[in-house]
Amino acid sequence: MKLLVVTPITTPGLHVADEFSAMVDPDTEIVHTTLEVGPASIESEFDEMLAVPQTVAKIMEGEKNGADAAFIDCMGDPGLKAAREVVRIPVVGPCEASMHLAAMLGQRFSVVTVLDSVVPMFWNHAKVYGVAEKLASVRSVDIPVLELHQDPGAMVQALVRESRAAVNDDGADVIIFGCTGMCGVAREVQSGVGEVPVVDPVEAGLRLAELLVKTGLSHSKKTYPYPRPKSIRGYDFVPEIGEVEA
Amino acid sequence: MKLLVVTPITTPGLHVADEFSAMVDPDTEIVHTTLEVGPASIESEFDEMLAVPQTVAKIMEGEKNGADAAFIDCMGDPGLKAAREVVRIPVVGPCEASMHLAAMLGQRFSVVTVLDSVVPMFWNHAKVYGVAEKLASVRSVDIPVLELHQDPGAMVQALVRESRAAVNDDGADVIIFGCTGMCGVAREVQSGVGEVPVVDPVEAGLRLAELLVKTGLSHSKKTYPYPRPKSIRGYDFVPEIGEVEA
Amino acid sequence: MKLLVVTPITTPGLHVADEFSAMVDPDTEIVHTTLEVGPASIESEFDEMLAVPQTVAKIMEGEKNGADAAFIDCMGDPGLKAAREVVRIPVVGPCEASMHLAAMLGQRFSVVTVLDSVVPMFWNHAKVYGVAEKLASVRSVDIPVLELHQDPGAMVQALVRESRAAVNDDGADVIIFGCTGMCGVAREVQSGVGEVPVVDPVEAGLRLAELLVKTGLSHSKKTYPYPRPKSIRGYDFVPEIGEVEA
Amino acid sequence: MKLLVVTPITTPGLHVADEFSAMVDPDTEIVHTTLEVGPASIESEFDEMLAVPQTVAKIMEGEKNGADAAFIDCMGDPGLKAAREVVRIPVVGPCEASMHLAAMLGQRFSVVTVLDSVVPMFWNHAKVYGVAEKLASVRSVDIPVLELHQDPGAMVQALVRESRAAVNDDGADVIIFGCTGMCGVAREVQSGVGEVPVVDPVEAGLRLAELLVKTGLSHSKKTYPYPRPKSIRGYDFVPEIGEVEA
Amino acid sequence: MKLLVVTPITTPGLHVADEFSAMVDPDTEIVHTTLEVGPASIESEFDEMLAVPQTVAKIMEGEKNGADAAFIDCMGDPGLKAAREVVRIPVVGPCEASMHLAAMLGQRFSVVTVLDSVVPMFWNHAKVYGVAEKLASVRSVDIPVLELHQDPGAMVQALVRESRAAVNDDGADVIIFGCTGMCGVAREVQSGVGEVPVVDPVEAGLRLAELLVKTGLSHSKKTYPYPRPKSIRGYDFVPEIGEVEA
Amino acid sequence: MKLLVVTPITTPGLHVADEFSAMVDPDTEIVHTTLEVGPASIESEFDEMLAVPQTVAKIMEGEKNGADAAFIDCMGDPGLKAAREVVRIPVVGPCEASMHLAAMLGQRFSVVTVLDSVVPMFWNHAKVYGVAEKLASVRSVDIPVLELHQDPGAMVQALVRESRAAVNDDGADVIIFGCTGMCGVAREVQSGVGEVPVVDPVEAGLRLAELLVKTGLSHSKKTYPYPRPKSIRGYDFVPEIGEVEA
């Protein structure tokens, strides 16, 4: 199985392929890429709009190059719906994947994310994904994405603090990390929180992508039909939509 | 009052400034633009992602050039949230404006749009805008955007047919046109439907923009905070976010 | 444009026509009236029921006298639905108008009203108007309607205090004043609250009435059909429903 | 036990006290009244507003005269909330009572009422009463209230027809009559519909009133606080609100 | 009227028939039973599953022995749906009965129960019963079922404490006891809480059972059809389903 | 990985271990069991209650015997919540798993099940699982569980017929089989339906169980705490709850 991972920012090194490989089956091949066209990080709707076009283009190319599924490595799920329109392989976003997974693990879940600026986005995603009534709260650690790794101990400490508040004050039964940059510390945070599962959205999403490939399932082409071919200006990195695909 | 209208496609002539001017106060100045970078029309999430970056850029420029409000001339409301983050002037989308207006005019409303491919988008918008329980149905006339004006009589006939079905079969009390390309025929369609109001989303949105300017209201900066400044690659047409604005 | 404003109480002087005129277009004529039959103020469902019949009667008379739209100057929207049944001109209530407007300005809104006794009414209105999931909280300043103007400074101070609590504790992104008697201090309160819009429901409603007249839209006669003519006893101030109107 | 029944119209004879007595315990005394001030029948929000003031006045008087509970004999539940504010005895409306009862008897219920004009009211009531997701549909037999008894056979036939459609086409598991004028034919209609319960809202409401008196429960004075005393003009039949009651 | 009460645990003496008789009409005969097969008390889904089979069997036997209705004396409503499938007499659960009753008494209600372990169950019940939006909160006194009666004063004190918190902090307008073992102290607790009704779910349920018998109503056989007869192994105390009943 | 599968009926041979093994990773060991105590099949709440106790007991034993996860092979998810209380290993139900999976694949999903008698159960499950607004409809093929395999061709034909109706008439974008006895024909049905994914709930559930074991996640012990130890009568096949586990 070949699994394309698009980290939809132009900053290299936030994630490396080995981190993803450690989270999937031994025989799942990870193909990892970042963007040449886009924002340094994503912390707003404005940042996200800049990430979407090439993220989708990379997924189109990935399908042509034989990828069995694609994973978008950002909790905003940028380009998730657009990408599903232009490919047949499963496309997985960590927000959708982790929200549905968390919904199955307990009564209600909370998201602990980077900054207050993305809080409304999580509520809107929960509404569109159909799980809003399972979302107890969205909290932030108030650390920008690219500063998360400057002091991993401080990040873990902040995640524990906000997760405990989500459990004790907001009624959360499950915690989801609200940024893929928080990847890799779920067990550590869980030991500090106690009785509730802590979902790493990267792991949740990668495993869901594997699950979909193994079951042969992908998104509904009734919901995500191929776009009609038409002229596009100014996006030389976006492949054309052909007549045949529809 | 100066009102910027961005028709977020690269096809010229779908709308001209005079059409908008006819829908606003005599002393409201319309500044109209289309895109140089983007899709020929918008009929999918894929098309929409290509329209968003320059739509937002045009609105940023519009604010710098003295616009009092901006209107995005497409029922997908492309870039609405991102644009609100980067400006202080009101930004209005016709989908949000017409859904809330229709919600006030009757018990439930239906949207009659161009193609089945955008039906899920309207349901998702209604959820995020908070009016999903007022949405009775979304129907389509099965005519692509750029073919709407090839045979205006056929368009009106199809709009009447689907509007009647929405009223009689789906329980709609109000009709909203689901594409800004249908602009200008609301009264004609209404006379064919009968007892229910037919909302032209362009008129609704332009008038809402005027209303906001007159009341001095704009979007909440708590919901739409300024993005943090950061490096962007490959979008030379997008202005930089400065430190001062936040 | 002629705009009828009914202040649905018998106390004169809470509002004068000039206050309304200052909130509308220069060429919009305000016709203002209070009630001869009704309560001194409205702070309960009991008070409201006493205000409704003559409010509706005044709007029926207003339509006959050439009004282009009617505005009910009370946040309970007393008589809104009944009035829409008996006239064709747009009838606007400040609660409905400001809730839908606020819903467009930010993620969630709070209402800050006069007394705890009307808190359930706002929740019920939000449900019927279809925006309950956008309503973060309803708070009160604990000042009766007719005492609001005794100490305007105290009123503003209380509004700022409760608005801040709504923003910080309840998650509000937008504030709506919960009584039309609070009219005129939105900017002052906003400067004390900070980053969130403060909606004056009188201004919102008057401007919406203008918008509807300008677009030619009014309520759906499918939702609000003319009542069947029938005998009425004891309300000599209520016009008869004629056969012709239906 | 003394149970006040207010038939909130001025037309005598639609219901007589014996009909109510046949539906309650032998030792429950029925005190029945109609209105001197109000509409001939209720088929609109307009009609309803005319019924509310004296309905509430009659309930206030009833409490003073020793009634243990009050029942409002109209499916619009006119004055239900206002009456609860001004008395401590339980006040029951047939719409609220039958909707909650039906919700307990099966998965979803439908209302079969007189005219299309009151259909939106039932949806709004279901929202405010908190049972909207249990409401499958609202249908009408297209017979005005005061014509229901002109041809009882035709009424039953129409009720059977619409009830069957509700069950087979709309997914109803329980039927509620949507007008108290349909009182007394539930068993007949049920035998024509088959496997689903048919709720007579008059019987449901009267029995609920008895239940409340027997359990000593009444409405929450936190939700329905006594109105503050104030001057009222033009309603000589409405008792004054005294200071002591609050 | 003969009313079967099943206390679905094997511990004798938690309730005795006289307690139930004191809550119903003088001529209502109470037939009370506990279980021989089941748990000592119910404080989890695990306990509940052990209570259900014989509870349902007892209700089947009760119907054969002439009971007019059955009441399940546990707030988990164990076996409510299964029992309704296999009998025609009304089957009442105290959770469903008290939630719908409370929904009619005020804007929102809270449940005060024994232990945190059953809190999610109440939320799930409210969702299935269709009244989730009326449920303000679920709180616990942290006393196991079988210890409630060891110190009745402490139980009342704890109920008052949590009920006050529900009213003041969670917005409750009505309180429901969350365990039938709390039966009998509603008035005492109410006097300590103040302005909100306190619903004893045993009394609510018994009175609802009487109401249903008197109206001739029972659950919908469309929602609760007779099970198809089939072989059952290992439950010698469960009667066989016969062909004739369907 | 060792995966326990409990087919919660006493009828042998509906499923054999090899069918499950074909749906999981090669190195996942399937341990399959049916019940000695329970119903021949599950087509009602009554049947389900008889299946739950030993299903839960088998899962408790499975955990003691080293199972890494458990799968309940019935779309009613019998015992899912009770089992989660008494074990720490993940317990997966096919209904919950397939509903959340389907929710991620398209806008709305429909369930096509065996008999009308289980239709309400699916709606209730969707409410409790938090995905009710994604459920378009529940349809049945009108074939009892134990007759599904008598004529596999007829079963497939009926599944195609009802799936097409769900897509065309009810607005479904994804189909879920509503009985685990329909296992194995998803691809065949999909080819007859066209553009929408068809989810086999057995495959979905087994793959979700694997996913959970691989990620180290399991249900929240805050939602599903260990039951308090107490005496149980009449269930010699149910292990005792020990003090230590909590």
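As written, the chains take the letters A, B, C, D, E and F, and residue 1 is the first residue of each chain.
Note that in this section a residue touches a chain if its C-beta (ideal position, glycine included) is under 8 Å from a C-beta of that chain, and two chains touch if they have at least 3 such contacts.
In this text the structure is predicted, and so the values were computed from the model without any measurement.
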**OP:** Please pick, from A-B, E-F or A-F, the pair whose interface repeats that of D-E, with more than half of the contact pairs identical by residue number.
**Re:** A-F
Original post:
Same residues or different residues: which describes how chain A and chain F meet, taking over half shared numbers as same?
Top reply: same
Subject >> Per Cα centroids, the chain farthest from chain C >> reply: F
Subject >> Euclidean distance of C-alpha centroids - chain C vs chain D, Å >> reply: 28
Subject >> Cα-centroid distance, chain D relative to chain F, in whole angstrom >> reply: 44
Original post:
Residue numbers in chain A touching 2 or more other chains?
Top reply: 107, 120, 133, 173, 223-224
**OP:** Provide the residue numbers of chain D that touch chain C in the complex, in ascending order.
**Re:** 10, 35-41, 43-50, 52-54, 56, 79, 81-82, 85-86, 115-117, 120, 124, 127-128, 144, 223-225, 227-228, 230-235, 237-238, 241
Original post:
Of all residues in chain F, which touch chain A in the complex?
Top reply: 25, 96-97, 100-101, 103-107, 129-131, 133-134, 167, 173-174, 187, 195-197, 199-200, 203-204, 207-208, 210-211, 214-224
